[in-house]
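See below for the structure under consideration.
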Amino acid sequence: MFKEQDNTLYAQFGFKDFKEAFSFMTHVAFLAEQHHHHPNWSNVWNTVDIHLTTHDAGNTVTQKDYDLAKDIEAVYQKYVG
Amino acid sequence: MFKEQDNTLYAQFGFKDFKEAFSFMTHVAFLAEQHHHHPNWSNVWNTVDIHLTTHDAGNTVTQKDYDLAKDIEAVYQKYVG
Amino acid sequence: MFKEQDNTLYAQFGFKDFKEAFSFMTHVAFLAEQHHHHPNWSNVWNTVDIHLTTHDAGNTVTQKDYDLAKDIEAVYQKYVG
Amino acid sequence: MFKEQDNTLYAQFGFKDFKEAFSFMTHVAFLAEQHHHHPNWSNVWNTVDIHLTTHDAGNTVTQKDYDLAKDIEAVYQKYVG
(Lines give C-alpha, C1' and ligand atoms only; values in the text may rest on other atoms or scores of the structure.)
Protein backbone atom coordinates (compact mmCIF):
# COMPACT_ATOMS: atom_id res chain seq x y z
CA MET A 1 0.00 0.00 0.00
CA PHE A 2 2.88 2.35 0.71
CA LYS A 3 4.39 3.85 -2.42
CA GLU A 4 7.42 6.03 -3.00
CA GLN A 5 6.41 9.64 -3.51
CA ASP A 6 8.64 12.70 -3.25
CA ASN A 7 11.38 10.90 -1.31
CA THR A 8 8.93 9.41 1.19
CA LEU A 9 6.92 6.24 1.50
CA TYR A 10 3.31 7.38 1.47
CA ALA A 11 0.00 5.65 2.12
CA GLN A 12 -3.53 6.69 2.96
CA PHE A 13 -5.66 4.47 5.21
CA GLY A 14 -9.45 4.60 5.49
CA PHE A 15 -11.64 3.47 8.39
CA LYS A 16 -15.26 3.19 9.49
CA ASP A 17 -15.09 6.15 11.80
CA PHE A 18 -12.78 8.24 13.99
CA LYS A 19 -12.74 5.67 16.81
CA GLU A 20 -11.36 3.02 14.51
CA ALA A 21 -8.89 5.41 12.87
CA PHE A 22 -7.46 6.52 16.20
CA SER A 23 -7.20 2.96 17.54
CA PHE A 24 -5.15 2.13 14.45
CA MET A 25 -3.02 5.22 15.11
CA THR A 26 -2.40 3.97 18.65
CA HIS A 27 -1.13 0.68 17.26
CA VAL A 28 1.10 2.51 14.79
CA ALA A 29 2.40 4.70 17.63
CA PHE A 30 3.62 1.57 19.44
CA LEU A 31 5.33 0.37 16.27
CA ALA A 32 7.02 3.74 15.81
CA GLU A 33 8.43 3.59 19.33
CA GLN A 34 9.58 -0.01 18.79
CA HIS A 35 11.33 0.90 15.55
CA HIS A 36 12.76 4.14 16.98
CA HIS A 37 11.40 5.65 13.81
CA HIS A 38 8.43 8.01 13.75
CA PRO A 39 6.04 8.94 10.96
CA ASN A 40 5.02 12.30 9.62
CA TRP A 41 1.30 11.68 9.71
CA SER A 42 -2.05 13.41 9.72
CA ASN A 43 -5.65 12.53 10.42
CA VAL A 44 -9.05 13.88 9.50
CA TRP A 45 -12.06 11.94 10.85
CA ASN A 46 -11.77 8.43 9.35
CA THR A 47 -8.67 8.95 7.21
CA VAL A 48 -5.00 8.62 8.18
CA ASP A 49 -2.16 9.77 5.90
CA ILE A 50 1.32 8.50 6.67
CA HIS A 51 4.63 9.68 5.21
CA LEU A 52 7.80 7.81 6.11
CA THR A 53 11.24 9.21 5.47
CA THR A 54 14.63 9.06 7.19
CA HIS A 55 15.75 12.47 8.42
CA ASP A 56 19.24 11.23 9.34
CA ALA A 57 19.72 10.14 5.74
CA GLY A 58 18.86 13.53 4.29
CA ASN A 59 15.12 12.85 4.09
CA THR A 60 15.44 9.91 1.75
CA VAL A 61 13.71 6.53 1.89
CA THR A 62 15.82 3.91 3.66
CA GLN A 63 15.40 0.37 4.95
CA LYS A 64 14.07 1.81 8.23
CA ASP A 65 11.11 3.19 6.31
CA TYR A 66 10.43 -0.06 4.47
CA ASP A 67 10.57 -1.99 7.75
CA LEU A 68 8.10 0.28 9.52
CA ALA A 69 5.85 0.41 6.45
CA LYS A 70 5.66 -3.38 6.38
CA ASP A 71 4.59 -3.56 10.03
CA ILE A 72 2.00 -0.80 9.59
CA GLU A 73 0.50 -2.59 6.59
CA ALA A 74 0.24 -5.82 8.59
CA VAL A 75 -1.70 -4.01 11.32
CA TYR A 76 -4.01 -2.39 8.78
CA GLN A 77 -4.96 -5.81 7.44
CA LYS A 78 -6.60 -6.47 10.82
CA TYR A 79 -8.93 -3.53 10.33
CA VAL A 80 -9.99 -4.17 6.77
CA GLY A 81 -9.65 -7.98 6.67
CA MET B 1 -18.68 -13.64 24.57
CA PHE B 2 -19.88 -11.66 27.58
CA LYS B 3 -21.64 -13.77 30.18
CA GLU B 4 -23.46 -12.91 33.39
CA GLN B 5 -21.29 -13.62 36.39
CA ASP B 6 -21.74 -12.26 39.92
CA ASN B 7 -24.07 -9.46 38.84
CA THR B 8 -21.76 -8.31 36.06
CA LEU B 9 -21.32 -9.03 32.39
CA TYR B 10 -17.85 -10.52 32.12
CA ALA B 11 -15.58 -11.43 29.21
CA GLN B 12 -11.90 -12.10 28.68
CA PHE B 13 -10.26 -11.07 25.40
CA GLY B 14 -6.95 -12.42 24.08
CA PHE B 15 -4.56 -10.76 21.63
CA LYS B 16 -1.29 -11.32 19.82
CA ASP B 17 0.67 -8.99 22.06
CA PHE B 18 0.42 -5.93 24.28
CA LYS B 19 0.33 -3.49 21.36
CA GLU B 20 -2.77 -5.13 19.98
CA ALA B 21 -4.39 -5.45 23.40
CA PHE B 22 -3.92 -1.77 24.19
CA SER B 23 -5.15 -0.63 20.76
CA PHE B 24 -8.32 -2.62 21.44
CA MET B 25 -8.55 -0.95 24.86
CA THR B 26 -8.31 2.45 23.16
CA HIS B 27 -11.25 1.56 20.95
CA VAL B 28 -13.23 0.34 23.98
CA ALA B 29 -12.36 3.58 25.79
CA PHE B 30 -14.04 5.58 23.01
CA LEU B 31 -17.13 3.36 23.24
CA ALA B 32 -17.26 3.82 27.01
CA GLU B 33 -17.22 7.60 26.61
CA GLN B 34 -19.88 7.42 23.90
CA HIS B 35 -22.15 5.25 26.07
CA HIS B 36 -21.45 7.34 29.19
CA HIS B 37 -20.82 3.97 30.78
CA HIS B 38 -17.38 2.78 31.84
CA PRO B 39 -16.01 -0.70 32.43
CA ASN B 40 -14.24 -2.18 35.40
CA TRP B 41 -11.37 -3.68 33.46
CA SER B 42 -7.86 -5.00 33.81
CA ASN B 43 -4.98 -5.93 31.55
CA VAL B 44 -1.92 -8.14 31.75
CA TRP B 45 0.24 -8.28 28.61
CA ASN B 46 -2.01 -9.70 25.85
CA THR B 47 -5.15 -10.30 27.93
CA VAL B 48 -7.98 -7.89 28.75
CA ASP B 49 -10.68 -8.70 31.33
CA ILE B 50 -13.84 -6.60 31.26
CA HIS B 51 -16.62 -6.47 33.85
CA LEU B 52 -19.72 -4.40 33.11
CA THR B 53 -22.23 -3.46 35.78
CA THR B 54 -24.46 -0.49 36.49
CA HIS B 55 -23.52 1.27 39.70
CA ASP B 56 -26.61 3.51 39.65
CA ALA B 57 -28.80 0.40 39.63
CA GLY B 58 -27.16 -1.10 42.70
CA ASN B 59 -24.42 -2.88 40.77
CA THR B 60 -26.75 -5.03 38.74
CA VAL B 61 -26.69 -5.81 35.03
CA THR B 62 -28.91 -3.44 33.03
CA GLN B 63 -29.59 -2.62 29.39
CA LYS B 64 -26.69 -0.15 29.50
CA ASP B 65 -24.34 -3.08 30.09
CA TYR B 66 -25.81 -5.18 27.31
CA ASP B 67 -25.56 -2.27 24.87
CA LEU B 68 -21.90 -1.58 25.64
CA ALA B 69 -21.09 -5.31 25.63
CA LYS B 70 -22.55 -5.63 22.15
CA ASP B 71 -20.42 -2.79 20.78
CA ILE B 72 -17.26 -4.15 22.45
CA GLU B 73 -17.86 -7.59 20.93
CA ALA B 74 -18.27 -6.05 17.48
CA VAL B 75 -14.90 -4.31 17.82
CA TYR B 76 -13.23 -7.49 19.02
CA GLN B 77 -14.36 -9.27 15.85
CA LYS B 78 -12.03 -6.96 13.93
CA TYR B 79 -9.04 -8.22 15.87
CA VAL B 80 -9.74 -11.93 15.68
CA GLY B 81 -11.62 -12.07 12.37
CA MET C 1 -2.69 29.55 21.81
CA PHE C 2 -5.06 28.91 18.92
CA LYS C 3 -5.16 31.72 16.39
CA GLU C 4 -7.27 32.31 13.32
CA GLN C 5 -5.34 31.51 10.16
CA ASP C 6 -6.77 30.86 6.71
CA ASN C 7 -10.30 30.24 7.99
CA THR C 8 -9.16 27.79 10.64
CA LEU C 9 -8.13 27.96 14.27
CA TYR C 10 -4.52 26.82 14.30
CA ALA C 11 -2.06 25.97 17.05
CA GLN C 12 1.19 24.06 17.35
CA PHE C 13 1.95 22.13 20.55
CA GLY C 14 5.40 20.97 21.65
CA PHE C 15 6.27 18.09 23.99
CA LYS C 16 9.20 16.33 25.60
CA ASP C 17 9.02 13.32 23.30
CA PHE C 18 6.71 11.23 21.16
CA LYS C 19 5.22 9.39 24.14
CA GLU C 20 4.04 12.63 25.67
CA ALA C 21 2.83 14.00 22.34
CA PHE C 22 0.72 10.93 21.60
CA SER C 23 -0.75 10.80 25.11
CA PHE C 24 -1.89 14.39 24.58
CA MET C 25 -3.35 13.35 21.22
CA THR C 26 -5.28 10.58 22.96
CA HIS C 27 -6.80 13.13 25.32
CA VAL C 28 -7.68 15.41 22.39
CA ALA C 29 -9.23 12.42 20.61
CA PHE C 30 -11.65 11.94 23.52
CA LEU C 31 -12.54 15.65 23.42
CA ALA C 32 -13.16 15.47 19.68
CA GLU C 33 -15.58 12.59 20.16
CA GLN C 34 -17.31 14.40 23.02
CA HIS C 35 -17.73 17.56 20.93
CA HIS C 36 -18.74 15.59 17.82
CA HIS C 37 -16.16 17.76 16.13
CA HIS C 38 -12.85 16.44 14.84
CA PRO C 39 -9.59 18.19 14.09
CA ASN C 40 -7.45 18.22 11.00
CA TRP C 41 -4.18 17.44 12.74
CA SER C 42 -0.70 16.16 12.16
CA ASN C 43 2.22 14.93 14.22
CA VAL C 44 5.96 14.60 13.79
CA TRP C 45 7.86 13.23 16.79
CA ASN C 46 7.24 15.71 19.65
CA THR C 47 5.15 18.26 17.75
CA VAL C 48 1.40 18.32 17.14
CA ASP C 49 -0.27 20.74 14.72
CA ILE C 50 -4.01 21.21 15.01
CA HIS C 51 -6.34 22.99 12.60
CA LEU C 52 -10.00 23.43 13.55
CA THR C 53 -12.66 24.42 11.06
CA THR C 54 -16.33 23.65 10.55
CA HIS C 55 -16.96 21.77 7.31
CA ASP C 56 -20.74 22.09 7.60
CA ALA C 57 -20.36 25.88 7.67
CA GLY C 58 -18.32 26.02 4.47
CA ASN C 59 -14.98 25.52 6.20
CA THR C 60 -15.22 28.63 8.33
CA VAL C 61 -14.45 29.08 12.01
CA THR C 62 -17.55 28.71 14.20
CA GLN C 63 -18.39 28.47 17.89
CA LYS C 64 -17.83 24.69 17.66
CA ASP C 65 -14.18 25.38 16.86
CA TYR C 66 -13.75 27.89 19.68
CA ASP C 67 -15.32 25.46 22.16
CA LEU C 68 -13.05 22.56 21.19
CA ALA C 69 -10.00 24.85 21.08
CA LYS C 70 -10.69 25.99 24.64
CA ASP C 71 -10.87 22.40 25.93
CA ILE C 72 -7.69 21.40 24.06
CA GLU C 73 -5.80 24.36 25.52
CA ALA C 74 -6.93 23.39 29.04
CA VAL C 75 -5.54 19.87 28.53
CA TYR C 76 -2.26 21.22 27.18
CA GLN C 77 -1.77 23.26 30.36
CA LYS C 78 -1.43 19.94 32.20
CA TYR C 79 1.55 18.97 30.08
CA VAL C 80 3.46 22.22 30.23
CA GLY C 81 2.27 23.52 33.61
CA MET D 1 3.88 6.52 45.56
CA PHE D 2 4.51 2.88 44.73
CA LYS D 3 4.86 0.67 47.81
CA GLU D 4 5.75 -2.97 48.24
CA GLN D 5 2.66 -5.06 48.91
CA ASP D 6 2.31 -8.83 48.56
CA ASN D 7 5.46 -9.20 46.44
CA THR D 8 4.43 -6.42 44.06
CA LEU D 9 4.97 -2.70 43.79
CA TYR D 10 1.51 -1.21 44.06
CA ALA D 11 0.10 2.27 43.56
CA GLN D 12 -3.30 3.83 42.95
CA PHE D 13 -3.58 6.93 40.77
CA GLY D 14 -6.54 9.33 40.73
CA PHE D 15 -7.62 11.66 37.92
CA LYS D 16 -10.22 14.26 37.04
CA ASP D 17 -12.18 11.96 34.77
CA PHE D 18 -11.92 8.93 32.50
CA LYS D 19 -10.37 10.90 29.62
CA GLU D 20 -7.47 11.95 31.80
CA ALA D 21 -7.08 8.49 33.34
CA PHE D 22 -6.91 6.79 29.96
CA SER D 23 -4.46 9.34 28.52
CA PHE D 24 -2.20 8.56 31.49
CA MET D 25 -2.64 4.85 30.75
CA THR D 26 -1.57 5.47 27.16
CA HIS D 27 1.63 7.10 28.40
CA VAL D 28 2.25 4.20 30.80
CA ALA D 29 1.64 1.76 27.93
CA PHE D 30 4.50 3.36 25.98
CA LEU D 31 6.77 3.09 29.01
CA ALA D 32 5.86 -0.57 29.46
CA GLU D 33 6.82 -1.31 25.86
CA GLN D 34 10.07 0.65 26.24
CA HIS D 35 10.99 -1.26 29.43
CA HIS D 36 9.88 -4.60 27.95
CA HIS D 37 8.03 -4.94 31.23
CA HIS D 38 4.26 -4.77 31.51
CA PRO D 39 2.00 -3.98 34.45
CA ASN D 40 -0.89 -5.88 35.93
CA TRP D 41 -3.29 -2.98 36.03
CA SER D 42 -6.95 -2.10 36.26
CA ASN D 43 -9.13 0.95 35.75
CA VAL D 44 -12.54 2.12 36.89
CA TRP D 45 -13.61 5.57 35.68
CA ASN D 46 -11.02 8.03 37.08
CA THR D 47 -8.89 5.55 39.04
CA VAL D 48 -5.97 3.42 37.87
CA ASP D 49 -4.45 0.65 40.00
CA ILE D 50 -1.02 -0.65 39.00
CA HIS D 51 0.79 -3.73 40.29
CA LEU D 52 4.36 -4.38 39.17
CA THR D 53 6.08 -7.70 39.64
CA THR D 54 8.62 -9.76 37.72
CA HIS D 55 7.18 -13.04 36.49
CA ASP D 56 10.57 -14.36 35.37
CA ALA D 57 11.86 -13.93 38.92
CA GLY D 58 9.07 -15.95 40.50
CA ASN D 59 6.71 -13.01 40.87
CA THR D 60 8.98 -11.03 43.13
CA VAL D 61 9.88 -7.35 43.01
CA THR D 62 13.09 -6.69 41.06
CA GLN D 63 15.02 -3.72 39.72
CA LYS D 64 12.88 -3.89 36.57
CA ASP D 65 9.86 -3.03 38.69
CA TYR D 66 11.58 -0.17 40.48
CA ASP D 67 12.75 1.27 37.16
CA LEU D 68 9.30 1.21 35.58
CA ALA D 69 7.70 2.51 38.80
CA LYS D 70 10.02 5.51 38.78
CA ASP D 71 9.13 6.42 35.20
CA ILE D 72 5.39 6.01 35.85
CA GLU D 73 5.60 8.29 38.89
CA ALA D 74 7.39 10.95 36.83
CA VAL D 75 4.59 10.89 34.26
CA TYR D 76 1.94 11.12 36.96
CA GLN D 77 3.52 14.31 38.28
CA LYS D 78 2.52 15.94 34.99
CA TYR D 79 -1.14 15.22 35.67
CA VAL D 80 -1.31 16.33 39.27
CA GLY D 81 1.46 18.96 39.23
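Per-chain numbering from 1; labels A, B, C and D assigned in written order.
Just so it is clear, contacts are C-beta pairs under 8 Å (C-beta built on N, C-alpha and C of every residue); 3 or more make two chains touch, one makes a residue touch a chain.
This is a predicted model, so every value here is computed, not measured.
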Key: More contacts between chains, A-C or B-C   = A-C
Remark   = Cα centroid separation, chain A vs chain C, in Å, comes to 21
Note = When centres are defined as mean Cα positions, the distance from chain C to chain D in whole Å is 28
Request  = Pull out every residue in chain B that's touching 2 or more other chains.
outcome  = 18-19, 22, 26, 29-30, 33-34
Query = In graph terms, nodes being chains and edges touches, is this line, ring, star, complete or other?
reply = complete
Key: Residues of chain D touching chain A in the complex   = 26, 29-30, 33-34
Ask   = Once bound in the complex, which stretches of chain A touch chain B?
value = 18-20, 22-24, 26-27, 30-31, 34, 78-79, 81
Query = Along chain D, where are the residues that touch chain B in the complex?
reply = 18-19, 22, 25-26, 29, 32-33, 38-45
